Amino acid sequence: MPVSNYVNTGDMIRFLPEIILAIMGTVLMVLDPVLQKRSSNAFGTISVFSLLAALAASAYAYQNAGPAFGGMLTVDGFATFFRILVIVVGILTILPSYRFLARQDAETSEYHALLLYSIAGQCLMAAANELIIVFIGLEISSIASYVLAGYLRDDKRANEAALKYFLLGSFATAFFLYGVALIYGATGSVNLTMVRAAITGSNAPSPVFVGVAAALMFVGLGFKVSASPFQIWAPDVYQGAPTPVTAFLSAGPKAAAFAVFLRIFMTAFEPISNGWEPLVWISALLSMTIGNFAALLQSNVKRLLAYSSIAHAGYVLVALTARSDVGTAAAMFYLAAYAFMNIGAFAVVSHLSGKGERYQNVDDFAGLGQKQPVTAAMLAIFLLSLIGVPLTGGFFGKFYIFKAALESHLVWLTVIGLLNSAVAAYYYLRILVVMYMHEPSEAANNAEPLTPGLSAALILPALGTLLLGIFPSWVLDFAGKSSTLVK
Amino acid sequence: MQLWLIPLLPLAGFAINGLFGRRFSKGLVNVFAIGSVVLSFAWVLKTIAGLGDLNTAYVEHYFTWIQSGPFTINWDFAVDRLTAVMLLVVTGIGSLIHIYSIGYMAHEHGPHHGGYYRFFAYLNLFMFFMLTLVLAANFLVLFVGWEGVGLCSYLLIGFYFDKKFATDAGNKAFIVNRIGDFGFSLAMFYIVKTFASLDFSTVFAKAAGAPESTLTLIGLLLMVGAAGKSAQIPLYVWLPDAMAGPTPVSALIHAATMVTAGVYMTARSFPIYTHAPVAMEVIAVIGIATAFFAATIGITQNDIKKVFAYSTVSQLGYMFVGVGVGAFSAGIYHLVTHAFFKALLFLGAGSVIHSLSGEQDLRNMGGLRSKIPWTFWTMVCAWVAISGIPPFAGFFSKDAILLAAYHYAPWIYWLGTLTAGITAFYVSRAMFLAFFGSYRGHEHHIHESPAVMMVPLTILGLLSLVGGYLFKIPVFLGSLFPALEESEDFTLMAISVAAGLLGILIAYMMYVAKPGMADSLAASLKGLYTLVYNKYFVDEIYGAAVVSPVVNGSRAVLWKGVDVEVIDGAANGIASRAQDVGSVLRRLQSGNIRSYAAWVLFGSVMVIVALGMAGGFR
Amino acid sequence: MDIFLFLLFAIIAVVAAINVVVQTHPISSAVSLIGVMGSLAVLYLLLGAEFLAAAQVIVYAGAIMVLFVFVIMLLNAGAEAKRGRSLMVQLLGVPLLVALLGLLAYFVQRLFPQGVTVHFGGFTGGTAEAVGRALFTSYVLPFEVTSLLILIAIIGAIVLARKELD
Amino acid sequence: MTEVPISWYLTLSAILFALGVAGFLFRRSIITVFMSIELMLNAVNLSFITFSYQFKQVNGHLFAFFVMVVAAAEAAVGLAIILNIFKNRATLNIDEIDSMKN
Amino acid sequence: MNLLTVVLFLPLAGFLIALMIPRSSGGGSRAWALVLSLVTFIVSLALPVMFDRGFTGEQFALDVPWIASPDIHFYIAMDGVSLWLVLLSTFLTPICVLISWRYIQHRAKEFYAFLLLLEFGLIGVFIAQDLFLFYVFWEVSLVPMYFLVGIWGHERRIYAAVKFFLFTMAGSVLMLAAIIYLYNRAGTFSYPAIVTMLSSGRLTFAGNEQMLLFLAFFIAFAIKVPLFPLHTWLPDAHVEAPSAGSVMLASVMLKMGTYGILHFCLPMFPSASRTCAPWIAILSIIGIIYGALVSMVQPNMKKLVAYSSVSHLGFVVLGIFSFTQLGLDGAVYQMLNHGISTGALFALVGLLYERKHSLAIGDYGGVAAAAPWLSTAFLITTLASIGLPLLNNFVGEFLVLQGVALSNYTWAIYAAIGVILSACYMLWLYQRVFYGEASEDVRSHVPDLNLREWAAVVPLIVMMIWMGVYSQSFLPPVSKATARVLDQAQINVPFRVQIDRNAEVARAR
């Protein structure tokens, strides 16, 4: 039953997750005057249910997979994978936020509304098959993120983070947009499928021109995924933003940006992949190396994890360098694993940091193993996963990535990447060391007991991490099936 | 014939005393310790009696010890005539010395309670290993005994383990022996490489067919092992220090049995040596050099046990000369007679020390002849035996060796004869200083040792007197070893006897007739005397040339240098370089938004250039 | 005529844009930027984008820039201070800019298909009607979604700028 | 009636884009920096519309339209952030917003 | 239910249950660890009983698909080598519990839990037949050891733990790369399948390729062994680890490296192994002599024993690279011997430390007078460690050196120097600690063994004697397995190599 010539029911079903999230975000704002004074936790709970509904909608949309809105959206396995991923990221962000927002005396309604909007934007990115939709999704996600980063408006660090994120983000987006313009000029279309057709077609534009357009898009997307040489904003922003927001930034927008990255470069620009492969190779190498080495000397945990997230972006880029379906699947899997372990780690940081986020130093984790064994054990799982110890998702993620890389004969990149992961072990171990092998610090002594929300926020990602490590097939099979993108 | 019982009895004694001896009375300890050895002796007698003429070896197989692929080491024992001789010596003298020890150790408590049982346990363990060594039917089982006796030697030298010099001596003994064993092991490896077996029967049967160079190499390597165990140059240094152990130990292990294992082993390996003349020559030269060299040191020593220790080294040199010149049976002959008289000398010395409550310095003795006559007279038996006076034990064996040496190379004979004179001289010196003249020690109740010590002394005295005549070892072993074509030569015999007598005479002149003469002679030859008195400074040279460079080098160069500085330094260097890189990378993160934008711009330009070029832009 | 108009407004735009960059007082920059937008609106017209030219003036120059000016006034922002510096920009800023401009200009000049020229009236599909039709038919999705963007902007502004009430 | 080569428009767009970048790099006032971004977006819009002319399509106009909307949203949020910064630090000098570094 | 699976998962189950035991009940987790490790040991005793000694090849195999794509299986099985290594692990774990009984009071729950987890990891390493699974266990065993050293160690424990982790990690990532590469070439992670493919020529490696793969595996193993000059993590880790940690580290963990070389490097990359053999042999020999010399001058007992491990493990590696049956058998036997005797040394040093709270040799002297049985146990262990016949090490050292002599006599000469030096450092240590006059301090602080300690020490000594006297209980299955390795190392030679004639001759005999 067509709504009009241009919109039919199928389109709406495939767009359902975004619709739900947008509507529920608005509902939160409407409920604000009613609930804000009485029960500030209600917003979080509503959000979680909204996200669960969106999750169901994503699955439902997948049942009716196919293009929507005249090919602007493509709901396929790939899109569904990332939709589910960002929605789960959202849930895992909200769980530790209850206590965090309460501790900082912050309003909850706008926070959750913005979060839902941002996730809606990311879902849109995941499904987008046209560059203008990508751009709009990116901006929805980003602008909401800018606000979230500066959400604690009296916090100087948060302000600064928001400003840096906003200015540099817009700056990079302008580059992306310029790239979109050029590709439009080169091919007459911004639809990825058609762009690809135009590039490979008989009347192909100059490959140099396409290359420059791809380069400008690479700038914008590289910035969003904090890949080197565009990683430079990440540490400051991650450090300054409220910790749950940092967790969200490091997982959600990053995953969505990678989804776009993969989709654009593995479909539209796949024909010129020989051209961009060396670039991604170098970018992967630089990201891993810069991230890991710069993290060696960090004492601020959030900053440390920021650098580590740069390094992890590098690992995903290794998978992209492989330029194969296996590589795409590996990248997808890794992003999922990374989301779990990283959000989990940030949840512990958020839990421990206390009012005003005073305790953010590595030394503040001292003795946590004695004071809060469960918290510490969970963090240990996340850290071991970040290191890449087997039976954790992080290990399998790395494993699949390097497997894909070796299949594509990227021997040296693999070796460098693996050596990098050995270097990385050093700074993660530092946290493990102070946590288990030092006497309790002031922060550990003052740590609040775990609330149910927080427990869930720790245990769910830990379970996810272990599950991905022990039974990776569940996710990997889906990723593998979805990695063949429509070309 | 249950050969396994022979070593196993002492092992049982060791196990019982070792595990439970602390709770036992001395009597009970004695029962197990002495009982096991004496039983073993009895079993040896019964075995030998039951084995007939023993012209071919009698072998018993027990179990496969080591097996790897086709290569097998069996735990086999074998008895032939050589073994029989050794068995008798070891168990016989061993029994005597065990009995003697009851008296000698009677007042022993050791550094902690239970020194007594510990002593006997070790002694029994020694018997076990020595018998294993002797009974072994292949090199590896022999090596078991070989190392095992070394261990017991180590334990017994360091018996007074609260005394540092004793434990030092123990370590020295073990380590020097290890150097010898190094040679022995390498010999075994080469034997396996060549013959694919370690069984005596196989190896010796194939030996004749092997190239001479191979056999020479094997022979020389075995010689290194023998030199370690039997205290030959250059590995003799441990034996004099080994006197730190209780005297019965010196008698049993460091005179009569263990130190002769090298001689036994070389004699046992004669099929290899007979085809390796170069190796034999080396043995002979080393033997005679050791004999002479140690004898000269013996002249100047003041510790009664040290004198006999150097004497032992010297006499072992003789045995090696015997083996080296091809007179294997003569070597074994001297081994046997030496066991009699040297054990006696040590036990006698022990009796002297015992009666003087621990005094060992000859300068503090004198005139003991009348105070402990029984000891004196038994020691006289040994004295005449070692001096080569006919018809006592030492005469026959020494003469046999010298005779063979003369046929081999006259210079060895002459040096050997000179050494015989020196030997007679230093033993006489010790005897004169201890028993003649007047007592120079502190006031002391000097008492004769108990009967339990005297009986073994007496038996050994008798054996020293008549043992050489009674046991014609060369005849007994004639069928085993290749024969030497040689004839009795009375001139040579007379010369060597004369040398011995001359030695005694000079000693009498210097220490009894004109007591000041020795000192004045020493004063006039001060340089030489100091050199010899200090044993040619060999220990010091080893210390300066080997031990301290190795120890200090290991500490300063290897550990603090290579390990800490170089390797760890490299690892830490990598780590700190990584941190340096990290700190540089951090500095890029200036916090300034415009700088960041410049970075993004920089990256953009690079990316545009890169992808432009990839697209074909020049 | 076309080339004259193009060159006139192109030069105005560039000069104004340079002025945006060189002026130290934000209000001067803002006024210059309005100048850029105005000249761009003319160029849009030349390119046949009627609706966009109007939107450019109304939305951009009229609404967005007013917002800027309003904030500048609100914060009483004066000429910028000379404190602080960025070594990176001092060292690499100009070379990088030249490189970027050089590259972009080179590529669009040399590599873009030659021969297509612009004359006023060459394309008249940019009317309000055409745009509106497209917006509600094939581009209905992005159009609807942008509403979300506006919503976020409103909420964001509220969150960040509102005074603490309690 | 002389026609204008389309690449001239594109070059103008590139120049304006570069000038926007220059403004971002060389201006210290946060507001001016933000305006530079607007300049960059305008430059891109010019490209879109030029290309739209080339293809005789209306699509490019729509893209430019969406860019405007986005620019508006960004402006609202960005100015709010700037207000907040000014409230907390009493400065609009971009070089002084560098408390987090290394 | 497969017996091997039971043995593998008992410790894991124990670990999980140990996590449930309330923290306040330190004694509870202790007792639980003892009971469980004993049960595991007793169950594992059935392995050699049921092990078919006449059958060459893997036994007790269990092959369950784990992950579909890539094709990863939970595939475990054991051959004659892993049989004893598993038994070594199960044997030593209860002993480790016993020697930690009194010493570990602080955070006992975690300690015993980690100990059981460690046992799980170690057993897994030795029986994994799937390369991926092998890597999983390899890393899993790393984590508990890291915590054992880092939490319950001595003053510089953190440095040591991190160093340990990073050294091992640095090596193992290369191995991971090689494993993945192998999978891409072979299409399977199954070790037996890969070896079969290599034997049948269905899979071949070019020379360079094989060399790089070999090195990637070998470096990982060499760090674990540790081979000179990659050994410096070991002294630090040993000195700082608690006794139980030292015991498990020295006795079992180091064997992961040598087992890996034997099990993976030789059959899969025979040409590269042979090409590298001279260099590796030289490094082993340097390690033997160097380790002994450095050991000699250590003022710290544990450090001394640690460096002696470097020396001993040099023998093992040398034996493996002799490519002779004797050398391989000896190497495997030496792994077990080192496990028993060095484990005992660390246990005994731990007992001394528990008494006097010092590891400095200079603080002791005259212990033999104060604690005669402790001294006796130490003496026997010392003698075993220096290779006295009738004790375990002798058999191993003899076979190794003999095997090496067969393939290259010069190597044997240099390696045999290590035997001399081992006597030097061990006896000197023994003299300085146990001999001499006992000070009042020693007399009052160093009591003799108590019943629990007896229970820990006696089994070790019994094993030393048993293994030294009757090696036939242990060697035949080992020989079977090593013969197969050798065969594979002969067959799997895709490009010609010069095979040492002597080794051939000796094998022919």
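Chains: A, B, C, D and E, in written order; residue numbering restarts at 1 for each.
Rule of thumb we're sticking to: a residue touches a chain if its C-beta (ideal position, glycine included) is under 8 Å from a C-beta of that chain, and two chains touch if they have at least 3 such contacts.
Here the structure is a predicted model, which means the values were calculated and not measured.
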Contacts common to subunit C and subunit E (chain labels): A, B
Partner chains shared by subunit A and subunit C (touch criterion as defined above): B, D
Result of counting contacting C-beta pairs for C-D and B-D, higher pair: C-D
Label of the chain whose CA centroid is most distant from the centroid of subunit C: B
Chain whose averaged C-alpha position falls nearest the assembly-wide average: E
Centroid distance [mean C-alpha coordinates] between subunit C and subunit B, Å: 101
Subunit A and subunit D: spacing of chain centres that average the CA atoms, whole Å: 26
Distance from the mean Cα position of subunit E to that of subunit B, given in whole angstrom: 36
Mean-CA-position distance for subunit E and subunit A (Å): 43
Multi-partner residues of subunit B (each touching 2 or more other chains): 586, 589-594, 597-599, 601-602, 604, 608, 612
Touching two or more other chains - residue numbers and ranges from subunit D: 10, 13, 17, 20-21, 24-26, 28, 33-34, 50, 54, 57, 59, 62, 66, 70, 73-74, 77, 80-82, 84, 94-95, 97-101
All chain pairs that touch each other: A-B, A-C, A-D, A-E, B-C, B-D, B-E, C-D
Touching residues on subunit D, where the partner in the complex is subunit C: 1-23, 25-29, 31-32, 34-36, 38-39, 42, 45-46, 49-50, 52-54, 56-59, 61-62, 64-66, 68-77, 79-84, 86, 91-96, 98
Subunit E to subunit A touching residues, read off their complex: 23, 67-70, 107, 132, 135-137, 139-140, 142-143, 146-147, 150-151, 157-158, 161-162, 165-166, 169-170, 173-174, 176-177, 180-181, 183-184
Touching residues on subunit B, where the partner in the complex is subunit E: 22, 63-71, 111-112, 114, 140, 143-144, 147-148, 151, 154, 158, 161-162, 164, 167-168, 170-171, 174-175, 178-179, 181-182, 185-186, 188-190, 192-193, 196, 550-551, 553-555, 558-559, 562-563, 567-568, 571
Complex contacts: residues of subunit A adjacent to subunit E: 370, 373, 384, 387, 389-391, 395, 399-400, 402-403, 406-407, 411, 414-415, 418-419, 421-422, 425-426, 429-430, 432-433, 436-437, 471-473, 476-477, 480
Subunit D contact footprint on subunit B (complex, rising order): 586-587, 589-594, 597-598, 601
